[in-house]
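You will see two complexes here that share chain A, one where it goes with chain B and one where it goes with chain C.
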Partner chain A sequence: MTPFAYTAVQTVASPHAHGGNAVSRTMLRVQLALTPATAYAFWLFGWPAFFLWLITLGACLLFEFISLRLMGVPHIRRTLGDSSALLTGWLLALTLPPWAPWWVGVIGAFIAIVIGKQVFGGLGQNVFNPAMVARVALLISFPLPLTQWVTPLPLTTLAAPGFIEGLQITLAGLPPPDAMASASLLGYAKTELSRGSDLVQALAAGHAPLISWIGIRAGSLGESSALLLLAGGLFLLATGVIRWQIPLAVFAGLAIPAAIGHALDPAHYLGVIPHVLSGAAVLGAFFIATDYVTSPTTAPGQLIFGIGVGLLTWVIRTYGSYPEGMAFAVLLMNALTPIIDRYTKPRILGRTRAGKPLDIPAKKGA
Partner chain B sequence: MSDNLGTIVKNGLWENNVVFAQMLALCPTMAVTTSGTNGLGMGLATTAVLVVSNIIVSLIRKTVSDQVRIPVFVVIIATLVTVVDMALNAWLHELYKVLGLFIALIVVNCAILGRAEAFAVKSGVTASAVDGLAMGLGFTGALTLIGLIREFLGSGTLFAQASQLLGPGFSFLEVQVAGYGGALLMILPPGAFAVLGFLLAGKRILDDRLAARSVAATTPATA
Partner chain C sequence: MGLMEKLFGRDWGIHPDDHKRPAADAVTRTMPVPERLFVSLSQHLGAPARPVVLVGQKVRKGERLADPQGAVSAAIHAPTSGTITAIGEIPAPHPSGLPVLAITLEADGLDAWADLEGLNDPFLLPPAEISKKVAEAGVVGLGGATFPAALKLSLSEKAKVTTLVMNGGECEPYLSCDDRLMRDSAAAIVDGIGLMLHATGATQALVGIEDNKPEAIAAMQQAAAAQPHIRICPVPARYPMGSEKQLVQELTGHEIPADGRPGDVGVVVHNVGTAWAVHQAIRFGRPLVARLITVNGGCVAQPGNIMVPLGTLVEEVLAFAGGLNSAPARLVMGGPMMGMSLPQARVPVVKGSSGILALSAAEVAERTEEPCIRCATCVGACPMGLLPLDMARHIQANDLKGAVKTGLKDCIACGCCAYVCPAHIPLVQYFSHAKGELSAQEREKLRQESNRKLAQSRAQRLEREAREKAEAAARRKAERAAQAAATPESQAPSNLPAPQGATA
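Right after this comes the complex of A and B.
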């Protein structure tokens, strides 16, 4: 890097302004946006949720470190410091059942970081969203621990497990007592439908899981509070970390078919509100589908991508055998991202869409 | 092409391993390796076909003209596969039920036609037989290894039902890991791809290390 070669490349006179943006800053903002919902989840589900979150994050960092070491990356500390692994772990932890045993977090971290990301060449090279790869792999591999939801037991209540008890739940994998086991709304609706009951009556029954904006309900660690996630998402929008296209399109893709289905046959199709507020819809729309690496780059492409995610989520939730389909929908659309990018490529300046030079008429009198 | 037999064996087992080096026959590799026993059975069946087809192709290599050689090879291989298929159905019916369609698909296993084309048609009978055996055993080893890893991670057993394949004397091979339910994904196709990928990476690292060591060993000698 001789000074001469350096100046030869520059086309504009100095001084140069730097936007100040960096991978680590973007990641930090996303983490900041996730904090309220995560803190709320700790309060809602108690110590076990906190331990699981901590273990998943730690394991992600560890596997990232091991991978970078094996690949002989020169600046391990700096690469680790971009905190992308931390964010992957955070998102993964938020999709896990809050009382899942510790090994779920560790295996998930291995799948996310090693198989989902580093095998492809590290940050920016992966085809699929690492957190979602891990989530789906865990769900398929260990159906039982991954679908054991617990009734929220806020930390401030007496029945909540204490610090030591929480450690036992996470580390020793003590299954939650039956009284605390609970179904998420989507799971409940799926079960009731498969039993042939009418959804309207089933949801009106007293033991049906509640829908609420505030989010005191069973579910994954971080999907409970739609309100706080929404606040985080709006923060990301306001700071320009994400653009509006993907979240809006995800909600549209999910809400429009839900509204049509519910209007036609409320006994078989859940309405818009349960679809949007339950499950991972808000988390997915703002934090997961918007991953830069695995979503299209152009605005029209992002709209197509988002609608695809929302629509597939609705299709899987409604017709599939799994109650929740956000992770599958994101992965399927990740696979389509290169094609979407190819067909929404912007026109090159001075050329037609096909790539031929524009036919500019010659000047008169030339 | 008639190298010494040691090279042929080494080629088949390691250097040119059907799965790990040539990346051939991946369809059965992915499909049947849900357990070590399945991998072993499939590998042995393929080995049998490979050895006999190599011998026959080598025997008739001077009489068959170039223009019709591929149909002739395919007919030979198909006949042998049918024999193996019926034999398994008769004597190892349990394994046959598991391997099912994939026995018949040995016909289109590119490794067999590949060896006929690449080796047997140019070599003598003994060399061809040894090549078939080495390639087949290399294939068997790869399939068994992948099968064992997937079986261990996926269902927490090793060589389950081995006694049905090898006879009751081999039931000591069967291992059950207590208290481990297994990760279902490893039994499903993604598990096969992941395991094969990691094994390929492992083989390349090992080869690199061996090459580096042999270089290090020869350099002081020449210096």
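Right after this comes the complex of A and C.
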């Protein structure tokens, strides 16, 4: 009668089916979404950018490995395989000046992985976005290499540094030649403002929005092409990796005050387009502020969080002493995440918002 | 349900692959009675039934084997004719595989019904008579909860419900027994619904059927066409649409309070399979001795729906269904979302068995648990509006109070959270564990409370006794003292020579 032998090895709780989503798949999709913009940045900024990216990623993996080893985690390969460290490194690399020396990447990786993540207990336990912790720590500790932007020299142009030259730039930390040194748009605007000049005139030449979309301008790897980053972000939305709340709220938080400021006083306030298309705005809205671990869990919470990030970015850019404020804004809102979560809990079915059971409705005819 | 609700979080539940076809489209088969049946005495919610037959006794099909015991319980009947050969323990159809009391019935091969009597005109009888008849037939909720149907009917009548919600949602993937029953026996179900309306005093019946079952919807619509108070309501296919609270809200718009029952909003919910069983019980006097079961899963050679006598072993059902292609990674009784994994295949089919699934390794998709990355997919999936990730965090830290505060008691264990979790965290297992812990703690608290009361009353009694003793002693002492005080006057003369008057 028995066509098969079956004995359950262990009792298992329901459900006995799974939707198929996996942490590694999610991470892979984010990396896939970053690839076009990153590849384009390599082409724009040449070999040094590639080397810096490679070193940052490698260092992140190495520090993750060392941390897991020291903590005695049993399945190091599997944990490394979830590629969260890789993604952290990737995001950090995208926020660095493309020609920054190798040690910037390595120190950044150490701060991100060891101090930003593993010290808190590893994946899922950190309060602050590790890549942003590293970025801010680097910016404050080493302001010079972190603000040396270069004009793009696409790989195909003759003046672009070759493979060996690129290695020298990254490894020997040669400062870029003066002819190539440039300022990012936000930095330029800040300088012009502090010199007392009028933004309308200062920006009249050379900073057309089209350039921002395409990305042929000075800046970090990740602020090169708004268009490609946007495409990556839309891919994440389409595949359900992220929800629309945070990106939309970040843009709203940034664009609305920018629009008001610019309308009132265009000489002192940058407009919506330069704000949204410059700096880390697009990268931040889609890839950094949406970090699961450090952002709120409910839809209303995510809206509040996103608006906070956008608004704080605008405030820091406009009134702060740094030209770019995305990293600071993200960290500040990370700190608020537990509180936002606390006050935006969903209403439980059959209960009031305060958690009391709903009243039993008075019965008709009873 | 405004725009706000749409934007913020009422997009509950999940849309799993339903795997219902081809099993749902295969013609229903009836399984012949096997040589031996193992009729469990715990086939319903509540206390196990009490056997009323003896070993060696001959019974006919439909004869009563066991009486209900206590308020929440149900009678058990012989699924075929034959001889009782044993009353003893067998492994339960439950993940634990713990023993359960069962009656072993050796079939005589005749499958002869006992003399049964149906009611010709049940609508002339008072509602309580219908409930009584349903109770006599041992009918329980066939959706899976196995709550005694008669009790639910009479309670609803007392609560004066107005709407009978019939659950034909069958939102669990793989299962199609309700679908099949509605396609094949729509008229019987509609008649059962009419009887239930009469028994509960409800004025309308809303039959919720998920829109992935167009054939069942058509069949039911046709069967109920002449009865305007029985409305067939297609509902969107979404898991867990068949959950009581969700279905009631979908069909009536009423939200059942957290500590309430459907009766509180004037509703009672029954499964369509139960309506079929009620029809059988009232019209023909036939007790519940067989049920339709979906046999499905990647390892099943010929998936489909089979009418199986209760007490048949799972392995026999699988063999009748056409056997297995390969050894299953997991055997499940019920659906894949809320069903129970079986410890082995030699366990009997019971009244609540809606399906037997032999799942392959690919379907089970067993993966190692990874750390939570707070992606909040579970928050979006939870049909109750809970925060599964926070609850799990509290439970991991052994903080049951925190888990309860985040809504542990509102969890319906539907499994949506664990289904979508990219870190493969067995969230339902955490919650079941915590609920078990919680009830153990509550029992312990009750025990301590009663101990404390006992000790207190003992102390009070001892104190009272001591006080009474002391009072009695004091009283006696006082009496003696009073006597002593009185003696010099009244008794002293007695010591003296008798007064002269006495002799005078």
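Basically, the second predicted complex is superposed on the first by the 337 of 366 C-alpha atoms of A that agree within 3 Å, B and C clash if a C-alpha of one lies under 4 Å from a C-alpha of the other, contacts with A are read in each partner's own complex, and residues count from 1 in each chain.
Just so it is clear, contacts are C-beta pairs under 8 Å (C-beta built on N, C-alpha and C of every residue); 3 or more make two chains touch, one makes a residue touch a chain.
Here the structure is a predicted model, which is why all the values come from computation and not from measurement.
S.K.: Looking at A:21 after the superposition, I want to know if it touches chain B, chain C, both of them or none. Which is it: first, second, both, neither?
M.R.: So A:21 only meets chain C here.
S.K.: Check the contacts made with chain A and report whether chain B or chain C touches more of its residues.
M.R.: C
S.K.: Quick check on the superposed pair: does A:234 touch chain B, chain C, both, or neither? Answer first, second, both or neither.
M.R.: Neither chain B nor chain C is touched by A:234.
S.K.: Should A:115 be classified as contacting the first partner (chain B), the second (chain C), both, or neither?
M.R.: first
S.K.: Taking the superposition on A as described, I'd like to know which of chain B and chain C A:141 touches: first, second, both or neither.
M.R.: A:141 sits against chain B, while chain C stays out of touch.
S.K.: Just chain B (first), just chain C (second), both, or neither: which does A:260 touch?
M.R.: neither
S.K.: Identify the residues of chain A that lie in both the chain B contact region and the chain C contact region.
M.R.: On chain A, no residue contacts both chain B in one structure and chain C in the other.
S.K.: Flag every residue of chain A that touches chain B in the complex, lowest number first.
M.R.: Within the complex, chain A contacts chain B at residues 107, 115, 119, 137, 140-144.
S.K.: Provide the residue numbers of chain B that touch chain A in the complex, in ascending order.
M.R.: The contact residues of chain B facing chain A are 181, 183-186, 188, 190, 194, 197.
S.K.: Looking at the complex, which residues from chain A come into contact with chain C?
M.R.: 1-8, 11-23, 25-26, 75, 78, 82, 84, 122-125, 292-293, 295, 297-300, 345-351, 355, 357-361, 363-366
S.K.: If you look only at chain C, which of its residues touch chain A in the complex?
M.R.: 7-9, 14, 16, 95-96, 160, 162, 173, 245-246, 249, 254-260, 264-266, 315-316, 318-319, 323-324, 327-328, 330-332, 336-345, 357, 359, 363-368, 370-377, 379-380, 383-387, 389-390, 405, 407, 410, 413, 415, 418-424, 426, 428-429, 432
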